[in-house]
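Down below are the structures I want you to see.
Two complexes follow with chain A in common, the first pairing it with chain B and the second with chain C.
Up next, the complex of A and B:
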């Protein structure tokens, strides 16, 4: 998903090359460039093949996005579309000085970190457990990977029903287990609602981590592990000195992608609580939905731009930090 | 973590011929089986619960004690769903839009992925960067302008209009995924075909596409599922009963004060089932597709 260009042929050669390229990611592409000097001669082919993709993405993604960004600097309200005066940064000032803003920012941080960390840990464990082939592994994967095919909105609805205060199965199971004595109003109780939506998101996101990590694990060469085992390296040692460094790039980029998506995906919260109770589960993007529904497009767009800016800066720092770790 | 890992590396020191022998029972092996079983239960339970709810009689859904197996199994929720809404039409609409947009975006992504995998050119990093950047755009910032734009084209509340937007939505991720696949196919394949007189496009479709079927299927399924599941664009752009897709209809359930969990669960089951079957059938190809594609990025 990033702009880095690692090599080709096979995951193994891939990893080897990525390692060689450490210390300067530009080296790998430059080697390739020398190997086959395509370029100007094929300019028309390149342009022709890329054109449909570029046209679609510009026309239906970037163009509306830029128009939306434009609204962030105007007083754009559904109730009076005849007058949309330029207000400069006033919308941003309104957002930042809103007393809800610090709460929303805090919630967003809790939502992202609270979702990603358990997803990564459980996803890693599931991938490790699936690493060695066993009978019925195919069937197991087919059964366990389905959450990925469900929409965030439906996941939210499934969990909203399970966390239902009156007839929810979560309460019933907890009471049967003796953990609680009376049903808990999961989605109405300020302290519990965030826990519930994060649990739904963890359930939803483990699959993605498990699949990506499993795929990466399968590219770790057996010989290296064998050699380490013969040299007497224990399980933990092998995990931390061989396996994790080997799949480091995948791990780091999977986390990056998930952070972007988690930050940017309001569907589960939208379906489960709509940001409630009393704004306690509002994250930045559900807050944006609320402004849109109120017709305050200018304010909503200002939030949208802020989201993009935060993610962009985060990405830049993250990729830079990753490069630095790779250099070591 | 330690226990679970034990199983994997110990395999490596066993000679190949002995691998199939039943292994010793180790603490790690037990932890692995227990862990996998636990995760299977946790994963399947929500699906079981919603399916169970959908087959309970309307009266027994909101009743204590909760039933973990329907005492009076019924399909009333399903008949109710189809009687009170045009759910069959919505399913048809979703199917058409997701098939058309999924196939079109896969085709377009195939072309762009090919040149991004095979050529070095100025601006390549910019194209890939612009694709990554699309993932950071919150859907809501573009919704209003998109609506206005489609209105100008007379495409609001039409299936082609929604499909166009979905094609653009699907292109970036499937391009990156397919690009990884192309990088695993040696250049010599299409070079040979081109020496034999094929055009580049001809070589791509006659020589490369056949060997890349798993990757293409995986990318298509991805795109199909994304279109099938997309919520906000469909809610905003589709409003007539004749053109609505499933997510727009599902959203209707939460805009009322009391959610009708019976029909809602029936609709959920019918929505999840097709994509789940698709994933289950192609799960091997999807893992393969990701191994080749997105993982290395």
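Up next, the complex of A and C:
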């Protein structure tokens, strides 16, 4: 059956010889033509299927992006949209010379680093814990991954109440545990407010790290780990010499993705503190929202473009650094 | 066979593209006149909440019953995103016939030519004369009228009758000074009881300005309540210093320390859960407090807005209403809908069920307003010489920018990063520059 359908090696060789005997020179153009016309039809089919998606992405992603970029170079204000004159780089100059700029830049750095490092460490530990098989692991995984399904804004609202000094559960628990004697004004004290929003973001983002790292851990071959164990490698040695090198690419890309998202995510801060108290949790994207609320779309777009440029440069350096590490 | 399959695939792809295109076109097509002559209006609300949406829907059903051939679809975006969505609809010129216009959005919307001027229409409405003078006057600017108000948001003092009595006072405070005295006496952090629900977070500047206006009321330009009659700003007046010192003393002596970040939800929660004795808020909070399971009906009431040293208060009335889109293809029906909603019965019902100061003349005489927590509003309405209605410049293009700056400055004072006199200097400089640029 197999030989009849697909032909044996001998039969295929015979057919090839026969083709050559019939004159490959004469047959080649016809085959090329057939391949070509088949390819065009094929390409059209593929294009036809892709077209709705391409149109959708262009219309809803790239067009608004270009439009936003275009607005950054104009005086685009809600108050009078009938006149949006070209102002060149004036919007960028306004932003860079604003005394708020260094403050939000510093806050953004604290927000990103303070969120990502604990997320990575805790996410890694959670993934390692879930890697082992135990009863009801599926249910436990679902519970751990649940926060990722919640909207960031909702998370911010929930934590706003949890960190409320007088009525919040955080102070209540700390006081019952004897850790504090008086309620801490989490969202009112400048230093504590940044800690509170970062804690909320860590809770929210740990899940993503855990999901990604757990998926990567599944690819680490058991045989290698078993062989290393037989050779006398302890748990820590296996972790650093086998597990982490195996999942290194996933770790690097997950950190990159989370840096981009955290940099771009104002919703938790916006819902919890609105950037306060007195601008102490104001990051670059909450600053952009502020301009949007004022109707100053030109300035908001300029901030958006600047954020994109910063992230682009960061990604380039990060990926170069990762490549060097991999080469070593 | 291969060719046939390939052709089929190509046709499927083409058909999919065509269907997707048609769907997109269908989605882009706005509502309008159906083939049977039925007119379909799109109405968008801004200050959305479920109970309010239900009420508006009921009123729209009545309108539809009275106007066969006209149907109304109500669009209710979440409040936080509503105004940007309305703006996008107006900018696109489709999808909206009737909309909720606020005193803070009317300037931008009308400046861009997105709103229909109702001034020629309203004067011919049979029910127009039923509206209060305030309601008729507040939306008229430079001869144009871009919306008809559905009610007013005014401030009154919510207070705990039991705590005031226990502290040895005969009644609620009438002035800012008395509020400071009573709130300080009630303050007892050890018992988790605080005097005043201080607003340090979003829109916290509003109460600071209300206090300054009460202290400068005798010289205040009531048509532009950020200015005195001599043209200078209220923040430069000597009385303003006393006002902010008294106001911020409320935070120092009579408020929870975390009130630096308290916005609307925390303030209302602080009052409804029994933690704070005084709350300065709009009447819409009446319904929320009435639902409290912690404090009973006889434990709270409202008092008129607080007066300054000369015994007068400035009531900064905020408002919103219904307007018609300039680009509406069914303006006649849209205007008819706004007229219906502004009529005595629907407008009174809307104001009562949303806890608003009514726009209909005489509606305040309804027992609904003259009893319980609403009685303070009647007191204020009946004594306009003491409780002076003033208009703040909420329609200027920089209002949101001002609010953001002012909120940040208020928090800076609360955190000790700025003095009250620096705050007043900064606000005076800000408004002086803006007024100068405008002129």
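Quick notes on this one:
The rule is simple: the second predicted complex is superposed on the first by the 283 of 328 C-alpha atoms of A that agree within 3 Å, B and C clash if a C-alpha of one lies under 4 Å from a C-alpha of the other, contacts with A are read in each partner's own complex, and residues count from 1 in each chain.
Quick note on the criterion: a contact is a pair of C-beta atoms (placed from the backbone, for glycine too) under 8 Å apart; a residue touches a chain by one contact, two chains touch by 3 or more.
Note that the structure is predicted; figures quoted are calculated from it, not measured.
With the two structures aligned on chain A, chain B clashes with chain C. In the superposition on chain A, A:73 makes contact with neither chain B nor chain C.
Touch criterion met: A:60 reaches chain B, while chain C stays clear of it. Looking at the superposed arrangement, the partner reaching more residues of chain A, out of chain B and chain C, is B. Of the two partner chains, chain B and chain C are each touched by A:45.
By the touch criterion stated above, A:167 is placed in contact with chain B and with chain C alike.
In the superposition on chain A, contact is made by A:143 with chain B only, not with chain C. When the shared chain is aligned, no partner comes close enough to touch A:246: not chain B, not chain C. Look at A:212: by the touch rule set out above, it reaches chain B but stays clear of chain C.
Superposing the two complexes on chain A places one region of chain C into the space of chain B, and among 74-82, 182-190 or 362-370 that region is 74-82.
Shared contact residues of chain A with chain B and chain C: 38, 42, 45, 49, 52, 56, 166-167, 274, 292. Against chain C, in their complex, chain A makes its touches with residues 38, 41-42, 44-45, 47-49, 51-52, 55-56, 77-82, 164-167, 183, 185-190, 193, 273-274, 276-279, 290, 292-296.
Against chain B, the residues of chain A that register as touching in their complex are 1-11, 14, 18, 29, 32-33, 36, 38-39, 42-43, 45-46, 49-50, 52-54, 56-57, 59-65, 67-69, 71, 122, 124-126, 128-132, 138, 140-155, 157-162, 166-167, 169, 172, 203, 206-207, 211-212, 214-216, 218-219, 222, 225-226, 228-230, 235-236, 238-239, 249-250, 253, 257, 260-261, 264, 267, 271, 274, 285, 288-289, 292, 297, 300-301, 303-305, 307-308, 311-312, 315. Contacts from chain B toward chain A in the complex involve residues 1-2, 4-13, 28, 32, 35-36, 39-40, 42-44, 46-47, 49-50, 53, 61-66, 105, 108-109, 111-112, 114-121, 124-125, 127-138, 140-146, 148-149, 164-165, 167-169, 171-173, 175-176, 183-184, 186-187, 200, 225, 228-231, 247, 250-251, 253-254, 259, 261, 264-265, 268, 271-272, 275-276, 278-281, 283-284, 286-287, 290-292, 294-297. Against chain A, the residues of chain C that register as touching in their complex are 2, 6-7, 9-10, 12-14, 16-17, 20, 84, 87, 91, 107-108, 111-113, 192, 194, 200-202, 256-261, 263, 266, 269-270, 273, 275, 397-398, 400-401, 404, 407-408, 411-412, 414-415, 417.
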